[in-house]
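Next come two complexes, and both contain chain A; in the first it sits with chain B, in the second with chain C.
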Partner chain A sequence: MTLTRGTKAALIAVIVGVMCLVLQPYFAWLGKWPAAWTFPVNEWLSSGVGAILDLFKPVARGLSWLLAFPMDGASWVLGNTPWPIVIAATAALGWRLGGWKMALLGLFGLSFVLISGYWAQSMRTLALVFVSVPLALLMGLAIGVLAFEVPRFRGAVNATLDVMQTVPTFAYLTPLLFLFGFGPVVGLIASAIYAAPPMARNVLLGLERVEHDIREAAIMSGGTRRQQLLLVEIPAAGNQIMVGVNQSLMAALSMVIIAAVIGGFDDIGWEVLLTMRKAWFGQAFLAGSVIVVFAIVIDRMSATLATQRQHYDAKIGWIILAIGAILAFVVRIDPAEIALLDGVADVVDTSVGAFTAANGAALDSVKNNAMFYGLLPLRIGLDQAVLPFTWGFQWQPSYSLWFFAAAVALAGLCAARGRMLTGLTILLCAGILETGIADLPWPFVLVGVCAVGWASGGWPLVRLCAILLGLILLSGLWERALLSLYLSGAAVFACAIVGGLLGFWAAVSKTAWVILRPMCDLLQTIPLFVFLIPVLMFFQIGEFSAFLAICLYAIVPMIRYTRHGLTTTPDDLIEAAKSSGANTWQTMREVRAPYAAPSILLGLNQTILYAFAMLVIAALIGTTGLGQSIYLALGQADIGLGLSAGAAMAILALIADRLVQGFAEERRKALGL
Partner chain B sequence: MKTSLKLGLSAIAMMAAGAVSAAEMGATDEPIKLALNEWTGQHVTTHVAGEMLKAAGYKVEYVTAGMMNQFQAIADGDIHATLEIWSSNVSDEYAKKIEEGTVVEIGDLGLDAKEGIAYPAHVADLCPGLPAWEALKACAINFATAETIPNGRLVDYPADWGTPGADRMTGLALPFKAVPAGSEGALIAELRASTEKKSPLLITFWQPHWAMSAYDVKFVELPAGEDACFSDPAWGPNPDAINDCDFSPSRIFKAGWSGLADKWPAAAEILEGYQLSVEAQQPMMGAVDVDGQAVETVVAEWMAANEASWKPVVEAATK
Partner chain C sequence: MTDKNSAAPAIAVEGLWQVFGEGARNSLQKIGTQDTRDTAAKLQDQGLIPAVRDANFEVQSGELFVIMGLSGSGKSTLIRCISRLVEPTAGAVRIDGEDILQASDKRLIDLRRNKLGMVFQHFGLFPHMSVADNVAFPLKMQGAGRSERRARALEVIKLVGLEGREDAYPRELSGGQRQRVGIARSLAVNPDIWFLDEPFSALDPLIRRQLQDEFLNIQATLKKSIVFITHDIAEALKLADRIAIMRDGEVVQIGTPTQIVLNPIDDYVREFARDVPKGRHMTIGEVMEPVGDGPLAGEWPELRTGMSLEDALTQCAATFEAVPVKDGDGKVVGMVRPDTFVKALGAEAT
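Take a look at the complex of A and B:
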């Protein structure tokens, strides 16, 4: 019998797992990585990076001084322009970009910001975005062109972009603060770092996709390489680059809020933090909605740049602007006086309270059931989670034996029917469930991940996994990394199932998508902090709240990509299936689902990255693990701990990303895409 | 007549303040930047100080800054003073900067704070015998949750503020597991949800804080926190452990940029002499957080009504 790669990998993992289980009572070092084998990485990083930072500090401070000019300028202009003009200018811009629809979007969007009472703070946030986005776009363009022009760098550039996107911002805020000094410039640079990668990726993609004959024509007309690039290829890649601009804008906006943690700029993010600190849910939600409105306006307007658009008459734009200017003379109301929505915020606030009061028992039982039967066994294993208080009886060592015996029997049955891989997977799941993710022996995790890596991407991926996981082991962050792995793993699992089902529902029913789409938009644009509010109120501090918050954020890509994959199956394939007599359900299972697999895997990949990003934010409601370490390091200004915990987090995200991409690549090849 | 009375008063104030002599004003054309941290009490404290500096003839700028992250900025001279630092909640970085000499302490604020193990009033019904701490031994199971079983749950400070609650539970051998809250908002949400659901809650908390009265929070009575308790295991109810007592009284103090006294000598003296009591701060906090007034208005009203308590400090430094 020949074994597939996947089966071999699972077999290796099972063997190592069994060996660990059997040998663990005799060799304590198998269970927990001994502290004596770790290196004081935090101290090394603190002193090493500290010295480097000291070296660059003067340069950085100079840059900081320079950036303060456009920053102050933008802030001054937006802060001192009367609000009717700002609103009219947005509407006029909307008109130029997309006609009446966009003009009205700008008008209503900014009017909402006005009546929310957060006008001044919002304008400061906007100023920050206005300065950080061009910076990010320039950086992204430069990186993208470099990667395109010098293919040797492409691998390194891709790795750098991955690092920029996966290392949590909280982890590098402290070094940035040290380098650039206190103030909005730190937030500006942090958001530029986070917003540059989508631009770079899209520039590279766009340039790669420029058609061959266009390129040839440019070469034949005899321009220099720079002329070809600037005059022909970049314009030809315009639409793809505009997608990058759109994504950059969104990324910058989401990051501006996170950077508010360090303060220095009385912006809308600071307002969200202040109200959250007082547990004023209504107000925090209102401030959060302002950001959502900004996000929607900016997203929709910049999205028009990426599509072919009609020409809209500039005259009407000028007229709109003129109306604004006239209004500015007539209406002289201080925006700080306008707070029409405070009543709404109060109502939201009291109704959340009333709901909690009325349904306290029900909410508690939801939480307890999820903890007792789901999260706790996953974290510490059935052997410790099953107690008289939780399940009504005490777990005995003999139960473990019966449990494993049942798993082996089931696995044997599967193997006998020729489903070896399913059988081995059952064994692995049983072992993990009995032991608990946080208590898994490290050799099992290491070998298991490497084996999956081998099945997914061959030896290069094994090498990558082994080196990166080894780094976490040596740094002494292993236990915290396992806790993070458990929480995000549980969330990803739940998202994959629920999100997959919702995506499927949205693919088969138009009504479903009409309901789900705005919800997806809302969940993706609302600042991450705001998720914590209702969750916290209903379920209080703890892992279940963190789990829910992560799920809320990470489920969106799963829904979107599943639907996208299922609905974009080429028509001729479906026609062929129908003509050979397949009903809707058969078409779905036999044609659409396999065709959608790469897209769904990509969605899973995004879900994993989103879950890790949210993990750090969830530390604000009391999770343990790497997220807490990063937050702690930010508070203590501990550069070493922040960087090492941030790196560990990025490592976990990177490995998960590579594993899933490996499988997606394989599926794509199998489908001949 | 009026002036002479004023002079007399300020002379008395001068003596009371340890005979500080009037100092140079320094660079009055450059603004003094004061840090505004994340909580309302600190906003009140800072605005009162700012108004005092303005009364002395200085320009003042308020800069929002994270409590934990502000010290680098103060060391760099980007922010010139921060006026409400809690000894219980100060980052290691502060100690580093003090050691470097880039940040200097400028005296106690005079705010009389208390930290302790606390509970909303309705919890007394769920655990008879409170506020005496011994009562917690028997009813710990009433506070148990999925994550802490078989122990009770104590909601502790966010991890970056230290683990004083957990230390108490270990010291007093109480069957409680401390769960770090993650943020102040999470602590308040716990208090609010517990009050609304009438559910059990034991929490590490402090006063002055607006939530103390809003959610009718009571402190558990613990053995007094004497020095011996933190060093000598034999002291206190538990003969085998330290920390078997209440929190040691927290100190609230002010700190500033090392160049403050050279650049604005009189301002440094004002900030050093500045005192604010709980009795003054708490009603102002209430007016902001409960009644929804602006900090500036509340502080301006207080300044007008209570000249006697701040003017002498300003005059001692400037006249």
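Take a look at the complex of A and C:
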């Protein structure tokens, strides 16, 4: 019998797993990577990178001093402009960008900010965004154009952008703190750095996608290279570049709010953090809503830039602004005194309090069931999670034997029916479930991941996985990495199932998509940070809350890509299936689902990356693993730990990304796409 | 351009090679170009792609020179070599005697601003510019002032029949209109040399024919030296003064439309010419015999050497009486005049 690559890979993983299981009692080093085999990477990084950063410190401090001017300037202008003018200016801008719809969005959005009582804090956040975004856009444009003009750089730039996308947000902050010192400038720079890659990517993509004929027409018109670029190629790539502007704005906003953990700028992110820490959920909810409103206004308005725009009369814009100016003269109320929604906050507080009090038992049981029967076994294995306290009885070693025997029987049955891969997968799952991800022997993880890498992308990917995982092993972060892997793995698994089903539902039912679509849009607009508020309100600090927050954030791409894949099957394929006599269900199973596979895999890939991104943020509300380390490093200004934990996180994300991409690519090729 | 070159052909292509791949120039030099087939085979063995193989031809001033071949035959690469949109691997391209492959970047820009115009298969219109701005773009590159640009642009836009659409944007135009803009733009600086890369291939057949006719009209007044690329033999025969047929990067035959149809050099060219209605593309002058002792006195139809075979046949057929047509049993059921008969055949082929 010839075995497929996937089957061979699974077989190798099973063999190594069994060997580890059998030999572990005799060789302790098989279970846990011995501490003696690790290198003091943190210290090396601390001193090495610290020394390098010390060199740049004077420059950085100078830059920090320099950037303080535009930032203070923007902050002063926004802080001292009468609020009617700010609101009118936003509405006028909205009018110019997208007509009445956008004007009203601007008007209502900022009015909400005003009555929330967080006007001053919001303006400070906005000031940070205003200064960081132009920086990010300029950097992104320069990098994108450079990468396009000098093809030798393109590979390097793309690889760097890939890595930057996977390095968790908090990990940027520690070295920046060291370089620039405490203060809002760090947030500014972090957000500029974080927001530049999407711009660079879209500039490069846009330039690459300019039609060949357009490019050649510019050459044949006798333009110099500079004229070709400035007058033809960049404008022709305009829409894609505007997509970059939109993404860049959202990234900047998200990062500005995350950077509030550094403190010192009394902005809206800080407000959320503060109220969350004090468990004033009503106020946290209100401040969070302000962030969401900001995000929606900025996102929707800047998104109009990337579409074919109609022309909206500038005069009306000026009229709106004039009305604002007149109002500013007439209505002179200090925004600090406007807090019309404090009542709402109180209501939220009391009703959430009442709800949790009334349904505390139910909420607890949801949480405990999920923990006891789902998360805990996954983390530490059935052998340790099954206790009288949780499951009502004590796991005995003999149960393990029975458990494995059942798995082997089932696997044998599958293999006998020709489904070798399914059988092996069952064995692997049983092994992981019995042992627990956090307690998996390292040779099994290493070989298993490499085997999957081999099935997905051949030897180059095996080499990459082995080297990167080896680095984590040697750095001594292995156990924390496994903990991170467990939580994000659990979340991804849940997202894949629930999101896949929702995506499927949205694909077959128009009504479902009408309901799900605005929810997806909203979830994708909300800055990461805000996800923590609702889960905290109901489930307090802990792993389950973190799990929920990750799921909420990471489920969206799974829904979107699944639906997209299932609904974009070419018409002639569906017609061919129908004319062959397939019913709806058969068409779905035999034609649409296989055709959607690459798209669904890409969705899974995005979900994984989202989960890793959120994992670090979720460290704020209590997770263990790398996220926690990164967060701790930030608090202690420990560059070594921050960098190594950040790198380990990036490695996990990178490996997951490459594995799934490899399978997606293989599916695409198989379908001839 | 100096005066001594004025007698030179508008375009002269000599021993032109375009080989794609790493280290193509070195490999080509090493192998040498004595035997085209042999060289190409050796290049391919090295993993290189010889897209144009030893092209040689001249385009006279005012001539409409068509390069025809199937997709992948290298014709698009060839026109890009001549316009130096790609850097040829070996050979020379002389425009009015000047080898433009040796021209500096500055000189090349200068040539493009003043002497060369090009039309693209997918139009290549700048999406962010209005029709007038698109057309005026080469003038802008020349450094012409705003009002001058506008005036000239309107002039050319009128020439291609797009008056009144000058402030529209490309996305608002149909395919045919877009290519009119492309043509107008390529003519804006009144170039001497006009490159057209499959300009009508992306259009519907009806629009295509209409634009072909208008293109011939424009050429009749402007008398440019033209290199025109197409994969459509009918288009080539209709437009060309001379045709070059390409296969696998090689120019296999160059000749007038009649020569191509009458004397195809090999099966490949014959295959192209097979479906062509020969009666329309050959003239009676090409099949006539020298006057011998035959009876030439009398009433004869008016035949002229430039007449197409089809027209001549119609004329000749008019001299015959009507012929009876019988049914299966041999009973006469009607009659047919040979000239209507010939016309009907011609009409069918049109």
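The working rule: the second predicted complex is superposed on the first by the 665 of 673 C-alpha atoms of A that agree within 3 Å, B and C clash if a C-alpha of one lies under 4 Å from a C-alpha of the other, contacts with A are read in each partner's own complex, and residues count from 1 in each chain.
In the analysis below, contacts are C-beta pairs under 8 Å (C-beta built on N, C-alpha and C of every residue); 3 or more make two chains touch, one makes a residue touch a chain.
Just so it is clear, the structure is predicted and the values come from calculations on it, not from any experiment.
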Query raised in the report: First (chain B), second (chain C), both or neither: which does A:S221 touch?
Result: second
Requested in this report: Tell me which partner A:A142 touches in the superposition: chain B (first), chain C (second), both or neither.
Outcome: neither
Query raised in the report: In this superposed model, does chain C or chain B come into contact with more residues of chain A?
Result: B
Report task. Classify the contacts of A:F178 with the two partner chains as first (chain B alone), second (chain C alone), both, or neither. Result -> first
Query raised in the report: If you stack the two complexes on chain A, which partner ends up touching A:I541: first (chain B), second (chain C), both, or neither?
Result: first
Query raised in the report: After lining up the shared chain so the two structures overlap, which partner does A:A415 touch, if you call chain B first and chain C second: first, second, both or neither?
Result: neither
Query raised in the report: Looking at the overlay, what does A:L433 touch: chain B (first), chain C (second), both, or neither?
Result: neither
Report task. Once the structures are superposed on A, label A:D213 by its partner contacts, choosing first (chain B), second (chain C), both or neither. Result -> second
Report task. Identify the partner contact of A:V232: answer first if only chain B is touched, second if only chain C is, both if each is, neither if none is. Result -> second
Report task. Under the contact definition given at the top, report the residues of chain A touching chain B in one complex and chain C in the other. Result -> none
Query raised in the report: What does chain A use to touch chain C in their complex?
Result: 211-224, 227, 231-232, 235-236, 238, 308
Report task. Could you please specify the touching residues of chain B with respect to chain A in the complex? Result -> 36-40, 63-66, 68-73, 76, 78-79, 91-93, 144-147, 149-150, 155, 158-161, 179-186, 188-193, 196-199, 210, 289
Report task. State the interface residues of chain A toward chain B in the complex, per the touch definition above. Result -> 173-174, 177-178, 181-183, 261-266, 270, 273-274, 276-279, 353-354, 356-357, 360, 364, 367-368, 371-372, 376, 387, 389-390, 532, 536-538, 540-544, 619-624, 628, 631-632, 634-638
Report task. Would you mind writing out the residues of chain C in touch with chain A in their complex? Result -> 80, 83, 85, 109-114, 116-118, 120-128, 137-138, 140-142, 171, 182, 185-186, 189, 195
